[in-house]
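In the two complexes below, chain A is the common chain; its partner is chain B in one and chain C in the other.
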Partner chain A sequence: MKPVDPTRRQFLAAAGGAVSILTLAPGVLLLAPAHGRAPDQPVTGKVRWGLLIDTTKCAAGCADCVAACNRENGLSGGTRPTDPQWIRKVELKDRRPGRQASLPMMCQHCAQPPCVDVCPTGASFKRADGIVLVDKHICIGCRYCMMACPYKARSLVHEPVTGQSPDVPRGKGTVESCTFCVQRVDRGETPACVEACAAARHGAMVFGDLNDPASEIARRLAAYPSTRVRADLALDPGVRYQGI
Partner chain B sequence: MAGRAVFAGLIFATALGAGWALAQERTAAAGRVPKPALAQAKGDKCVDPTDFMRRNHMQVLLHHRDRTMHEGIRTPQHSLKGCVECHAGPQSGTVVGGSDDFCQSCHAYAAVSIDCFECHAARPRQARAGARKP
Partner chain C sequence: MGIALHAIEGRSPGYWGLLGALGALTALGLAGAWYMEHHGHVVTGMTNQIVWGVPHVFAVFLIVAASGALNVASIASVFGRTFYKPLAPLSGLLAIALLAGGLMVLVLDLGRADRLVVAMTHFNFKSIFAWNIFLYTGFFALVAVYLWAMLERRMNRYAAAVGFGAFVWRLVLTTGTGSIFGFLVARAAYDSALLAPLFIALSFSYGLAAFLIVLLAAYGWTGRELGAAVLARLKNLQIVFVAAALYFVAVYHLTNLYLAKQGAYVRFILVDGGVYPLAFWGGQVLLGSLVPMALLAHPRLGATRGAIAVAATLVVLGGLAQMFVTIVGGQAFPLELFPGFAESSTFFDGEAHRYVPSAPELALGVAGIAVAGILVALAVKLVAFLPARLGDPLADSA
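Moving on, here comes the complex of A and B:
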């Protein structure tokens, strides 16, 4: 693959988080975030958010994305079985040729999410733009969704939480998982992991609209082979991997 | 007809009298009845009239929470984050925790438990110790 000129990458990163200002009439400005939705308009199915992870650029031992996720979402960063983890680094090894790959694994934001199918209360839901979330106001902490998820993406909060971020409410007794940093996406930014990966010059993650053929993620998916993890389950995940 | 008018007048007078008595009682008891001590909010005025908010803030917040959660609408009007930003105590920096803090003082007065801040931040972002700038 052709290496991307770093100045161009920076430019793209800057443009990705930018707010475009449209002049409607002289003196009248419309501030529209990059997702093209006014702040008082609901999300629609026109957009489907997706994440492409190029495992050939993801270094073993690097956990910049995990650290950024923990910081943004106020997770402790602990890895005990009872500590919530939204991203886990997974190391793969093909024994015979000895090929190794490292990748971040998180909620795959399925188009057909099993966690939503099994949830008895309707707390686990898919937003119109494809982001799978838990409405913690409704969640009773039964953990059916954790059982149903083939990616082991969800965690129950076992202990009282303090010092939450105002944008990321979290509390004991509810289930949570990667939200694609929905609070950032709604502001027109990319998820914290993607930003951290780009800032550290790994460039292993591309976030964007799968429905927009002109987006970088859609162009890359059209041009190069990619993998859906557990494609046999036909869940149509929004997270895709290259190089595995 | 005349009887009815007299009757109505009587009721009116009674109501007036009762109202007056009530007002007297209030003034008399003002010193004894504990009132919630509300810290001054940051902005000049609330997003809605105070009388309306006193009675309806829970419905307003409930409605906005569903719009935010499910539709991604994060407008500042009626957002809990907005309430906290404005009403966090000038000293304590929070809306719950101390008896003077905005949400807590009133909820303690009305004996209504408040669960929002089990999960939601009770402090605005800037006031959080060691918080990074957004």
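Moving on, here comes the complex of A and C:
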């Protein structure tokens, strides 16, 4: 019989203990899960959600993040000019040396969002934690935010929608865009695109709290250079890119 | 000496025919709006790339023309030129009518037109759109008071003061309309403070052209006397306004030509962008500016009513071409997210965006003009807006 590996036994015991604590502690100690938020608690500005995309790990032609977004948010996945696309893969080719890159583009969740500035009714708004959203109840469908967004991140719902996700209300005639999967983030999870990228072992997307120096995103941004798209506009986007 | 204002009779078959035709166009536009509202914007040519289409072309044109239509009244009240005083009430009426037509198109093109009350009760005061809601409603109110001051004898003494207020208001209003585009920092076609004065210059030109068309129609069809000197002054003014608009357009493009980062956009809109350079050079510059200026300046032709009517109509059509180039052409040129890179995606990044307007949205746009026409036609029948005679000696002595 194969002898028991003591380090393996220790690991299993420690893991079992950790799982028990993580399962029981929230109930006993009223601890919220990491970064999760109880429904009755307000969103605070202590957190600034951000997304880091490592384009060197993002393969041309891979659209796992796009498929996951469509699934999570109940989008058709159609690519007609009238179909909403919350996230899209952009293929880049440097005009001079010809180097190519591929990256996902979506709402950049700016700290100074032009879509919020121009919205006449205040339907376009930014949460305290930096997530930019559209209040579907007061959006009048004027599309001024779509004109103002430098990233072409927003879509108008051009026709009646069916098969909606209960977590993601949508409506014909209103504007919508990436929400960082706010329904998941509020449960302590990561956005669907990030989860799909990690599940497929691409590891090109890191989601986290930009305000927390210990978070992986903050550490990587501190260690390596990154790019803000249309940095000239000084909008302080929450999405950063590496490798372009 | 006062000028007698008289309502038109408005009982001829021609009058009812005009109302019927305008009513039919309005009904078609409303049907188009209902169809768009029912099915969603998927039945228009508008997309997630071209988000504002032909309805905005008509709406913005009408709103810009509305502020300009008030100029004749302003010249009389603000600048004290009594020559224009008999025409001032018609000028105010036309301003209100054009604005109403433009706003109707704008509102019915909303994704959720049924939520108009939301737009009237929820305001984000950082939004130029929200300011414009107050600028438009304020314009209606001010011009209505202005008309009252001009038409009611006991109120006449306030006409100059209210007229001055309306004049300042209209300048602010057109600044606001131009800034809807000027404040769009991300897009190559916009992001320019020049758009505000450009729109003011355009408003002078479009507004006077609309005024000339209504004046010629009203006096021609009712057989009232309209002096040559009145027309000569107005048509000379039209030449100056068209030239001023052309000047701002030239400065706008020349500035862009100088900036390397704007090179691709200028090339697109002026040379190789397909329908947009055609609409610019053929519609806006040639037919909308140079031909009308030549017609109006011609020593013989310029004195004929037919040529003046044709020139004013061309200025209006050129204005629609200009709005098409500015609004649709400006969006057709793709946003540049990564300068120096060729971009492509399923969302049409890096490529010129296609736009083919559908019948319902065209009908809605035209209905804006029809509604303005109906309002003017009804108002001049119900209220004494038009001088019974506009003979030269009378106009001079006013």
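Brief remarks follow.
The definition used in the following text is that the second predicted complex is superposed on the first by the 210 of 244 C-alpha atoms of A that agree within 3 Å, B and C clash if a C-alpha of one lies under 4 Å from a C-alpha of the other, contacts with A are read in each partner's own complex, and residues count from 1 in each chain.
We adopt the following convention: contacts are C-beta pairs under 8 Å (C-beta built on N, C-alpha and C of every residue); 3 or more make two chains touch, one makes a residue touch a chain.
Everything quoted here is computed from the prediction, not taken from an experiment.
Aligning the two structures on chain A places chain B and chain C side by side, free of any clash. Once the two complexes are overlaid on the shared chain, A:M147 sits against chain C while remaining clear of chain B. Legend: residue contacts after superposition of the two complexes on their common chain; A:Q183 is shown touching chain B, with no touch to chain C. Judged by the touch definition given at the top, the superposed model places A:A200 against neither chain B nor chain C. Touch criterion met: A:R127 reaches chain B, while chain C stays clear of it.
In the superposed model, A:C139 makes contact with chain C only, not with chain B.
Contacts of A:T174 after superposition on the shared chain: both chain B and chain C are touched. Here chain B and chain C are compared by how many residues of chain A each touches, and C touches more.
Of the two partner chains placed around the shared chain by superposition, chain C is the only one that A:E91 touches, whereas chain B remains out of contact.
Contacts of A:L233 after superposition: chain C is touched, whereas chain B is not reached. Fitting both structures onto chain A leaves chain B and chain C with a minimum C-alpha separation of 12 Å. Residues 160, 172, 174 of chain A contact both chain B in one complex and chain C in the other. Listed in rising order, the residues of chain A touching chain C in the complex are 79, 81-85, 88-96, 101, 105, 114, 116-123, 138-144, 146-152, 154-160, 172-175, 229-230, 233, 244. Contacts from chain A toward chain B in the complex involve residues 37, 39-43, 71, 125, 127-129, 133, 135-137, 160-161, 163-167, 169-172, 174, 182-183, 186-187.
Chain B makes touch with chain A in their complex at residues 65, 67, 69-75, 81, 84, 118-121, 123-125, 128, 132.
The part of chain C that touches chain A in the complex is made up of residues 37, 39-42, 47-49, 51-52, 110-113, 115-116, 118-119, 122-124, 126-130, 133, 180, 183-187, 331, 335, 337-338, 340-349, 353-354.
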